[in-house]
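In the two complexes below, subunit A is the common chain; its partner is subunit B in one and subunit C in the other.
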Partner chain A sequence: MPVISPTVRLAGLLLLLLLAFLLDISVGSVKIPLGDVFHILFSSSSKDDTWKFIVEKIRFPKACTAVLAGCGLSVSGLQMQTLFRNPLADPSVLGITAGASLGVAMVMLAGGSIATLFAIRELGLSGSVLITVAACLGAGLIMVMVLLLSGRLRDNVLMLIIGIMIGSITTSIISIWQYFSAPEEIKDYLLWLFGSLGGVTNGQLLILGSVTILGLIMAWLSSKMLDALLLGENYARSMGLNPQRARLIIICSSSLLAGSITAFCGPIGFVGIAVPHITRQLFRTSSHRILVPACCLIGTLLLLLCDVLSQLPGNQTALPINIITALTGAPVVIALLLRQKNINAY
Partner chain B sequence: MYKNSSLRFLFPLAVILLISSCGQSGQNKSAVAGSDSSNFSSAKAIIKYAKGFRIDYYDHYKIVSLLNRVGDKTDTLHYLLLPEGGTPPPDHPGLPVITIPVKSLVVMSSSHVGLAEFVGVADRIIGLGSMKYINSPAVRQRIKTGAVKEVGLDNDVNTELLVAMHPGAFLTMSNPDAAGVGKNKTLAEAGVPLLPVSEWLETTPLGRAEWVKLIAALVNREDIVNAKFDSVEQEYKKLAAIGAASATHPSVIIGMPYKGSWFMPAGESYMVQLLNDAGAGYHWKDTKGTGSLSMNFETVAPVALKADYWLNIGTVDSKKEIAGRDARFTQFAPFVKGTIYNNTRRTNDIGSNDYWESGTANPQLILADLIRIMHPDLLPKDSLYYYKQLK
Partner chain C sequence: MPDPLPLLQTRDLQTGYRSGGRKTITTKGPLALEVSAGQLICLLGPNGAGKSTLLKTLAGLLAPLEGSVKSDGIDVRQLTPIQRARTVSLVLTERVGTHQLTVYSLVALGRYPYSGWMGGLDPTDRTAIEWAIEAAGIQALRDRKLSTLSDGESQKVMLARALAQDTPVLMLDEPTAHLDLPSRIRLMRLLHQLAHQTNKGILLSTHELELALQVADEVWLLQNAETLHRGAPEDLVLNGAFEEAFAHEDIHFDKQTGTFSIQHDNRKPVLFAGEGLAAWWTRRALQRNGFFVVPSPAAGAEPAPLIRLMEKGGQPHWLLESGANDIREFDSIAALLAILDQLPL
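And then the complex of A and B:
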């Protein structure tokens, strides 16, 4: 195989990503001619107001959300896998996703209780905003707990186990809550659990965008630390790196990414664990300077294509994105891993 | 991890899907004219609309047959309604017996309460699946005085409590095909006279309402209930004729999407039947299925943007709340025109909506509301019963 430089590969991926983005905006249940789609995108005018609404208010925000979620979840997964030197790690292992779920459950399942209704009316918050705030708080709470514990523990495997334990506790609390909740409230919550890219609109997109970009910048800046950690903590220390602080920065960045995306889109599974593997296979490098942007591109590409699949023309139903990501992504990961047969990166 | 928690919710569904048929083979019936006895109603219930049950009248007993809902609508379950002190007939061995007239009821759903209220036996309710969803003032009064106990819903039913209560009949919500599994089986074996009242599976408003006749058969009130139901039926038909004659068919959207999924009633569902009878134009009225269609936002948007009315919008109570759910809703025509109506006018202080309680037995009131909303020229709009305009 001819050696293609990573830069060229990244550029190629970027091109593919642009195409996927346009494809995602052009296809959907309602047939809109390609020319009109471009017209709406670039001049914001259309002969048909319905088309304009669909492209501007439904498809464009959804594609943007796919980009943000794809970047955020896969980079967060990459960081977790490197930090814990465990190929199975992903944002949910630290219980961060479960924390966000707890926040959402608190709002949704207590929806009938007077306290919540009162809060909603008094604060002028309703529905999605409150849920998002709660999810961020939930994720943040677990993150702070994990950070406090990580200060006491020097071992990453212990950290991993504790993360899983915290996740289990959180999930149990949610289950208890569900057990005592009304069916229609549980239904809303279950729909949220399926994950969705379609519920993020204008203002929320801005918030999600800023938080994700902040997390990505932190991830990019921490890529040297990730490289060093990959070689073991002693080596990292010999390079003049403070592993404790590196861990703090990485967990912070990962939590920001996973927490905010879970808050807005629901727990989208699979991307966080699969994309880093695909990326390492395609780029055959362990340098995070390359892996971080490559993960962004591949994660985005995967989510965009999955979204296209879930919106195929003539298909009126919206398949939850979680179903599609795992159905299409898992075979790819298996195929790639079969070629390699073992994982050397750890 | 967190996905496991959904199992609790999905399990009953899985049970319903997995069990295709269970129960006894059908038995031949030789209906004999009913006789007058002190414990027996002289009137007989004739079922015209409901597809889920049948009542056969014999000399001194009645047999209720529940029909399975999958495929060929054959009998799945039979219950022997036997007057107090009567001897079970030899030609129907092994049937579960319910002693009539039933003096105490444990009911699971709010529509059961509505049905009992219609028959006039709401005061015989001694147990409820959940106390949270009650509207009937009579039943709420009985809850206050401690005359009604909470027995738990679905798989959370408190078996011991239920057995100890010795109810005259225990009305469950379960699909008749799943009536003999899990806790229901345990309860039946413990001698609790369990009867699945699955009015929610009916696909027509009158079919749903007609389940009052099943309750009537349990308490020997066929004569009164037949008359009451007849007037409901006449009223409904009269209104449907008005709706059918309407010159316009305003377009309607139902419900609200969540996370990109919009559940719209399917063409053969009872909601669409109501809309048709009210002279509404419903974009998906020719779709198949009796449940709901799961659609994405984009599919509904072209219809929603230009719809005339937006109905049954869920738990929201004002336009402000709707806008808070998703700012895109503010561009829908019904939002701009202020033609959003929700079926929550009769929601009480504990958040329970009478639409789901008395509405089951009174479809004519729902239909009248819908006509009043969409055709104010045919019926005056000012006196809505279940619906209210969101502002």
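And then the complex of A and C:
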């Protein structure tokens, strides 16, 4: 493999990313040529008002959501993999995603039979704030439970198992709620489970964007702690890491990222687990100062491309994003792991 | 000349684990220990005697059940994690399995307690890293990935990381485990040199008694939960502490050579005559095979086969006389043993 400097690789990725972003806006049930997309985005004028509306109100927010979700989910997955020293860890493992789902489910339950998730989204800003808060609280609640239990254990692998158990309990609680719910509500919930980048309006984008960026900044600032944790908790402590504080910062940032994105887009799988592996392979480094931004780029690129793929059936139908991420993410992970012949590649 | 002020000092120390209000005592003590500058201390003891627990307690990673560990008069548990990391560095037994980490980045992680918020390195950090790489003798490995290293290389890299941490005290938990004999000797010699040249206090736990006897300035011998003997290795040999700690009916500690030997069940007598190096090894081989070597035919003793060591063209040869006229000649110990085993005794 020829040696390409990280700068060139980053620049190449950025270029690809820009292309994918424009492509994502261009494709859909109404095809808009790339040139026109460019025009609408940068000069805000177009020969076709419908196109302008579609780009500004629907596709641009959707592409931005893909960017935020791609960054957030992959960085969250990276943090979990390092914290638990486990190549299989991702936000859903700790029960964070399940907690966020519980929050969303509770809002829907409290709203009774009329106020389904999509109805709440129709409410606009206040509704989305409600759901974000509920999802982050749900994620946070699970996080506090895991933290309280792990304080007695001081072992990251045990914490991982506890996370999985709590996740199962949470999922069961949601199932109980589903069992006693009206079919329409279940249908909405199932649709939400498929994942969607589409439901986020410009106003909601502001909320999702600020929470995600806050989480990403926290993640990037914790790079040094994450590097130390690569050697395991005992070595990290011997080098001066405060394990309780490190865990708190990393889990806070992870639940902000995974909680907010899950609230708006549903539980999108595979990005969190696949992207960190791809990034480590491409950049051949374990340094989180590089991995965190690099995961953002690759996560974004992957999710944008997945979204483009989901539009391919054409007409009015678009495949749920979750199906595409699993279909593309899983083979990539398998291929990389086969090439590496070693599972402990965190 | 060792520093008169110890780097680490314990008072009434008792080590063990606390979990859920229950205490599990590992070493009851009370222990009064000191780690001084420029000193290499070897912590010896049978498996399960509590060596790792004692190391972790001294390093401040584990709270003592009783008593205290003080550095410069301050309890190590009261130090902030960063202050503690600037006092004691550790090399643990656990293997680090991060495959994309290069040797240089791993050693650089040793600068954790000094580097900036984001882990940025200044010239002081870089100098310390270069020194550590050179001191551990791993210049050739600096760009290799961790996953490609052998056990011996990996151990030296972890040592370099601890050296980069630039602490007065360095502790290693069984650094020679999994290493082949030459690597074990080289590592021990390196640690001995480091202690004396850099004036660090180095404490390591090991099972290498014979090596420890050769390099240690002081030995801490954990016999069981109650007893820890400390002193110069030679003193512990002479006062019988070694024998006592590893006392077992099958094992014999030879005070002459400072080695342990396996006590064989020797019931079959043989007579042996010979001198020199070949004679020494012949006796060993006979003992291993269950023979009891009688130096010279004693009057009235039971008839026993007689082995004579000869020299033929600069090579040792063995003559076996069993019975009246049965004399056979061998050119290797293996051949001798094969026939000897068939003799009715």
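Everything below uses one rule, namely that the second predicted complex is superposed on the first by the 312 of 346 C-alpha atoms of A that agree within 3 Å, B and C clash if a C-alpha of one lies under 4 Å from a C-alpha of the other, contacts with A are read in each partner's own complex, and residues count from 1 in each chain.
Methods note: a contact is a pair of C-beta atoms (placed from the backbone, for glycine too) under 8 Å apart; a residue touches a chain by one contact, two chains touch by 3 or more.
Since the structure is predicted, the reported quantities are computational estimates derived from the model, not experimental observations.
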Side-by-side fit of subunit B and subunit C on subunit A, or clash: fit
Subunit B versus subunit C as contact partner of A:Y179, first or second or both or neither: first
First, second, both or neither for A:T317, with subunit B first and subunit C second: first
Touching partner for A:K224 - first (subunit B), second (subunit C), both, neither: second
Which superposed partner A:S286 touches (first subunit B, second subunit C, both, neither): second
Comparison of subunit B and subunit C by subunit A residues contacted: B
Which superposed partner A:T171 touches (first subunit B, second subunit C, both, neither): first
First, second, both or neither for A:S45, with subunit B first and subunit C second: neither
First (subunit B), second (subunit C), both or neither touched by A:G232: second
Partner chain in contact with A:S196 - subunit B first, subunit C second, else both or neither: first
Nearest-approach distance, in Å, of subunit C Cα atoms to those of subunit B in the combined model: 29
Contact residues of subunit A, present in both the subunit B and the subunit C interface: none
Subunit C contact footprint on subunit A (complex, rising order): 152, 221, 223-224, 227-228, 230-232, 234-235, 237-242, 280, 284-287, 289, 340, 342, 344-346
Complex contact set, residues of subunit A against subunit B: 28-30, 49-50, 53-54, 57-59, 62, 92, 97-98, 101, 111-112, 125-129, 167-168, 171, 174-175, 178-179, 182-183, 186-188, 190-194, 196-199, 201-203, 266-267, 311, 316-318, 320
Residue ranges of subunit B touching subunit A (in the complex, touch as defined): 1-6, 8-9, 130, 132-133, 156, 258-261, 293-299, 301-302, 305-306, 315, 320-321, 324-328, 331, 351
Residue numbers on subunit C that touch subunit A, as the complex places them: 20, 59, 61, 80-86, 88-90, 92, 94, 96-101, 105-106, 109-110, 112-113, 115, 117-119, 147, 165
